[in-house]
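The next part holds the structures, each set out as structure tokens.
Look for chain A in each of the two complexes below; its partner is chain B in the first and chain C in the second.
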Partner chain A sequence: MALFLQRLVDGLAEGSIYALLALGLVIIYRGTGHLNFAQGEMALFSTYTVYQFGEWGVPIGIAVLLGMCVGFVLGAATEVVLVRPISKKSPFAVFIVTIGMFQLLNWLDGAIWGGQQLPSTAMGSKQVKFPSLFPSNPDDYFTVFGAAITWRSFCILALVLVIGAVLYLLFNYTKLGLAMRAVASNSESAKLVGIRTSTVLMFSWGIAAAIGALGGVVFAGLTTNVNQSLMFQVFIYASAAATLGGFDSPGGAVVGGLSIGVIQNLAAGYADEWVGQEMKVGVAFLVILAVLLLRPSGLFGTSKVERV
Partner chain B sequence: MTLLRTQGLTAGYGPLTVLEGIDIEVNEGEIVVMLGANGAGKTTTMRAISGVMPRQGIIEYEGRAIQKASPDAIVRGGIAQVPQGRGTFPELSVADNMRAGAYVRRDSAASVQADLEKWFEVFPRLAERHAQRAGSLSGGEQQMLAIARALMSRPKLLLCDEPSMGLAPLITQELFHVIERLNRDEGLSVLLVEQNANLAMHMASRVYLLETGRIVASGSAAELGADDTIRKAYLGF
Partner chain C sequence: MSARIIIKSGGRASWAIRAAAAAAVVALLLWIPTRGSDSLIDTCTTAAMLMAAAMSLNLLLGYTGQISLGHSAFFGIGVYTTAIAVTRWGWSPFVTLPVAFAVAFVVGLLVSLPALRIKGVYLALVTLALGLVFPAFIKWPKIEWLTNGSRGLDQTGFKFSKDNPTYELFGWNPWGNLRGQNVKPFYFWVGVLMVVFVYLVCRGVVKSRVGRSLVAIRDNSTAAAVMGVNLAVTKGIVFGLSAAMCALPGSLSAIRTGTVTPDSALLTVAGSITFLVIMVVGGSGSLWGPVMGAIVYQFIIERTGDWSDPDKIPGAVRPLFSWSDVAPGGGIFAMALILLMFFAPFGIVGLWHKLVAKVVTVVPKPAGTTSLVREETAPAES
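Let's look at the complex of A and B:
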């Protein structure tokens, strides 16, 4: 029981990071129907800037907020400069553009910060390791039913739930949220009621990238460093999480992300003879496959049904 | 007084020109009906006036040129469109659809809420279903919702794009009664395009006939109804 609880909470924490990235994917997909292939790399660029702020002596709390602002500007600028003009020509081309962004940003990270893992004393870093937002010493844990739950896992899970709640309030109780839902639902009609759809999409991309930045920083805090391949796997899990939850459902993205984290951890923990660390990905994907066979639009996705 | 006037209005999709320069007028307090077959350019006319597609020529509203204005500026100015095929937000609740209609308004949330309740009284079936997703309403209810949503922006001119499409004749009749009542009681001016001429002509102050992107006839409903070829082509008797 204690071991189960521990594995469950660690799985939830890992899943929270996928959930944050998946939320970004869903917000963009709902607005425009585009899959932002560069979501992970946008997050990584912002994470590098958080490292950089740390080097300049900015405390982690403020550095994260600044990193999220960098993410917001990066996302919004991508929409205005690249996605908007190109989506008028061909929606498919946007997908190719986001793949290009993926490569460009990864190259840019390398060009600015080098190919090493950072922080690195060999590279002259002042920081010893990538700062964690949450207490992460070996003895920062509390005990529930005999299970040692780390404060770090607990706080990461709490963070994603808070972000989820904030987004829920934004979507359902603000004018911007109403506009975002209207654009997602029917963009021609949104224009006809006077919503500036392009401004709304710019905000969507900005918000998505800012949330992604938060996910990147939390993950770098877990691995204690940032490097160019940090987000590759996370992005794949996040895409899987969004698919599992339903690509148009923010709540689904959170549930999807958490589920994948939990399934992976439980499978790797209990069946390590034949699953182990290497194959835990496979188990998560089998579960997703099974769900999609039964519910093609994901757990919480809406299949378009409309009476005429 | 002239509320809306177009002069040489031209619009199309890419290389395809749909409207080949049309001149129409809507005076304050009028219900103007534009009749035309499929592909005549009715929807294009509506979309061009609302500013959601590229257009050339002159569009004047309350004496000001609006052919270069953005869609949100046009809505703010007092022109609201009920799009073809209802065009509600199917995933949003009925009440949220109507709140979205008030998006351009700068007045208080309380006065938006007051308008919401006012239109719920006019459309009691929408009130019953206020929390339901718009996509789950019947066709007639969705059309009512599309009208109510347009009204939430407090327009002076309502553009209705083929409201009868896909509706049973009785429902269409009910709908047209609502439009007439809004015109009479609220002083709302209406530009309505239709394929279904019979019902629409009854309430028209004036009628335009649109054929392949050109206005080919105009006049009062009685005048056009007296013309044999027009009557045969559009009224079917």
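Let's look at the complex of A and C:
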């Protein structure tokens, strides 16, 4: 029981990170109908900037906010400069552009920060490990029913719930949120009633990238370092989460992310011989495949009706 | 109106141009292994393998519009089929090529089943996951007895003995310096043969009834189905063929390098993206696109390989790249990918067709006698 509870909470904490990136995917998908393949790499770039701020002696709390601002600008700029003009051509062109951004950002990370695992003493880092937002000493835990639950896992889970609540308030009780929902439901009509759809889309991409940046920082804090391949698998887990929850449902993204995290951790824990650490990605693959085959709209998404 | 050159398709001038182009290609192919340097032969062999992989992706993506980011997995199936057959069962390396082809064909067929229901970027997502799963699967403890996990397999190559025959044609050796220990020209020719095979298969598919139904599926699948195209069978076979042809260069790379590991670049998702970059840069949906793309890709990657040292960068572009100590190849192609989508969505081949169309008017054969004329090559009004 204690072990189960521990695995459950660890799974929820990991799932929270997937939920953050999945939220970004969903916000972009709702606005423009595109799947942003560069979401993970945008988060990674912001995570590197957070590391850089840390090198300059900025405390972690402020560094994260600055990193989120960098993410916001990056996301908004990508939408305005690249995605908006190209989306008039074809969805395939948008796909290629996001793949191009994926590669460009990944190369840029290596080019600027030296293509090695950071912090590394060989690269002259002042920091010993990537700063964690939350207490992460070995004795920072509390006990529930005999299960040792780290404060870190608890705080990460709390963080995603807070972010979810803030987004809920943003979507439902602000003018920007109303405009975003209007654009998501019918962008032509939204334009007709005087909503600046282009500004809304720019904000969508910015917010998505900023949330992703937060996810990246938390994940790097969990693994205590940042490297160029940090986000490959996280992106797939986040996509699995968004698929499971439904690509147009923010609430679904959170539920999906937490579920993926829990399923994975339980599978890796109890079927150690079969799943282990290596085949965790196989679990995500099966989830994506099963959901897309059996219920393409996901658990909470609205099914798409296509005019032929 | 400036003077335009008018060429009748199928006429004498058209055949003369084709013959000249073919002669130039053959001359180049003979020149590289006999007169070229060892490193040039190596570069061209690698380019040939990338060409075959990109062509297989092009058949799927360029002609049917099914996006695959999982071709690295098919490439890897080729690599591991050969490696396992050679090291575990003692097969002769080249015998494993058709086996790898068959194995990848079956796996491709299996993958095509969900692909019938899943479309567009969702398919890209599924295949991306497939590409990520493949290296993890190879390292899976349950099949480590077969694949040797992350340590990889050794001695998968072709062993040359001293009495390998040298082939001479009228006293002249078209194989290059096959004598002695230099086996590079040998692999060059195997690579060329493979590219020719893959090209002929692609051409055979594209310029046939199947190819026309593929384009119809890409452009409007509902209309295609109404016209009597069997979507499931056509897509399935093309997916299988594409996977199988991608396994061939994988097989050859295992034979050529002699060692395989699950983390080498082309077996991970980076490989899928490389194939995609080559295809888009060369020109998607054209037979010669991947050929051009692979040559340009491999030469730029090799040329910029030592640009991590600022002194090695030629003066004109030094300010652009000297700030970083990482080779700029990846960044150059990432930017090329984005810019091409804006200015030349059909890649190098598309640009070439545009340029030619400015000077030359090609008069097509009467309708019904040509097989497939792409919009780009259609004659401009003169």
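Convention: the second predicted complex is superposed on the first by the 291 of 308 C-alpha atoms of A that agree within 3 Å, B and C clash if a C-alpha of one lies under 4 Å from a C-alpha of the other, contacts with A are read in each partner's own complex, and residues count from 1 in each chain.
Following the convention adopted for this analysis, a contact is a pair of C-beta atoms (placed from the backbone, for glycine too) under 8 Å apart; a residue touches a chain by one contact, two chains touch by 3 or more.
For clarity, every value in this text was computed on a predicted model and none was experimentally measured.
Participant: Counting residues of chain A in contact, which comes out ahead: chain B or chain C?
Facilitator: Greater contact footprint in residues on chain A: C.
Participant: Please work out whether A:L104 is in contact with chain B alone, chain C alone, both, or neither, and reply first, second, both or neither.
Facilitator: Only chain C; A:L104 stays clear of chain B.
Participant: Taking the superposition on A as described, I'd like to know which of chain B and chain C A:A93 touches: first, second, both or neither.
Facilitator: second
Participant: Can A:G115 be said to touch chain B (first), chain C (second), both, or neither?
Facilitator: Touch status of A:G115: second partner only.
Participant: Let me test your reading of the model: by the given contact rule, A:V58 touches which partner, first (chain B), second (chain C), both or neither?
Facilitator: In the superposed model, A:V58 contacts neither chain B nor chain C.
Participant: Identify the partner contact of A:A77: answer first if only chain B is touched, second if only chain C is, both if each is, neither if none is.
Facilitator: neither
Participant: If we overlay the two complexes on their shared chain A, which of chain B and chain C does A:G282 touch? Say first, second, both or neither.
Facilitator: In the superposition, A:G282 touches chain C alone.
Participant: Under the stated touch criterion, which partner chain does A:L161 make contact with: chain B (first), chain C (second), both, or neither?
Facilitator: Once the two structures are laid over each other on A, A:L161 reaches no partner at all.
Participant: List the residues of chain A that touch chain B in one complex and chain C in the other.
Facilitator: 308
Participant: Spell out the part of chain A that touches chain B in their complex, as residue ranges.
Facilitator: Within the complex, chain A contacts chain B at residues 175, 178-179, 181-182, 184-186, 188-196, 302, 304-308.
Participant: Quick check: in the complex, which residue numbers of chain C touch chain A?
Facilitator: Against chain A, the touching part of chain C is residues 65, 67, 114, 117-118, 120-122, 124-126, 128-130, 132-133, 136-137, 139-142, 222, 269, 273, 276-277, 280, 323-326, 328, 330-331, 333-335, 337-338, 341-342, 345.
Participant: In the complex of these two chains, what residues of chain A are touching chain C?
Facilitator: 34-35, 37, 82, 85-86, 89, 91-93, 95-97, 99-104, 106-108, 110-112, 114-115, 232-233, 236, 239-240, 243, 273-274, 276, 278-279, 281-282, 284-285, 288-289, 292-293, 296, 308
Participant: Which residues of chain B touch chain A in their complex?
Facilitator: 50, 52, 70-72, 74-76, 80-81, 83, 87-92, 96, 99-101, 103-104, 135-139, 142, 149-150, 153, 166
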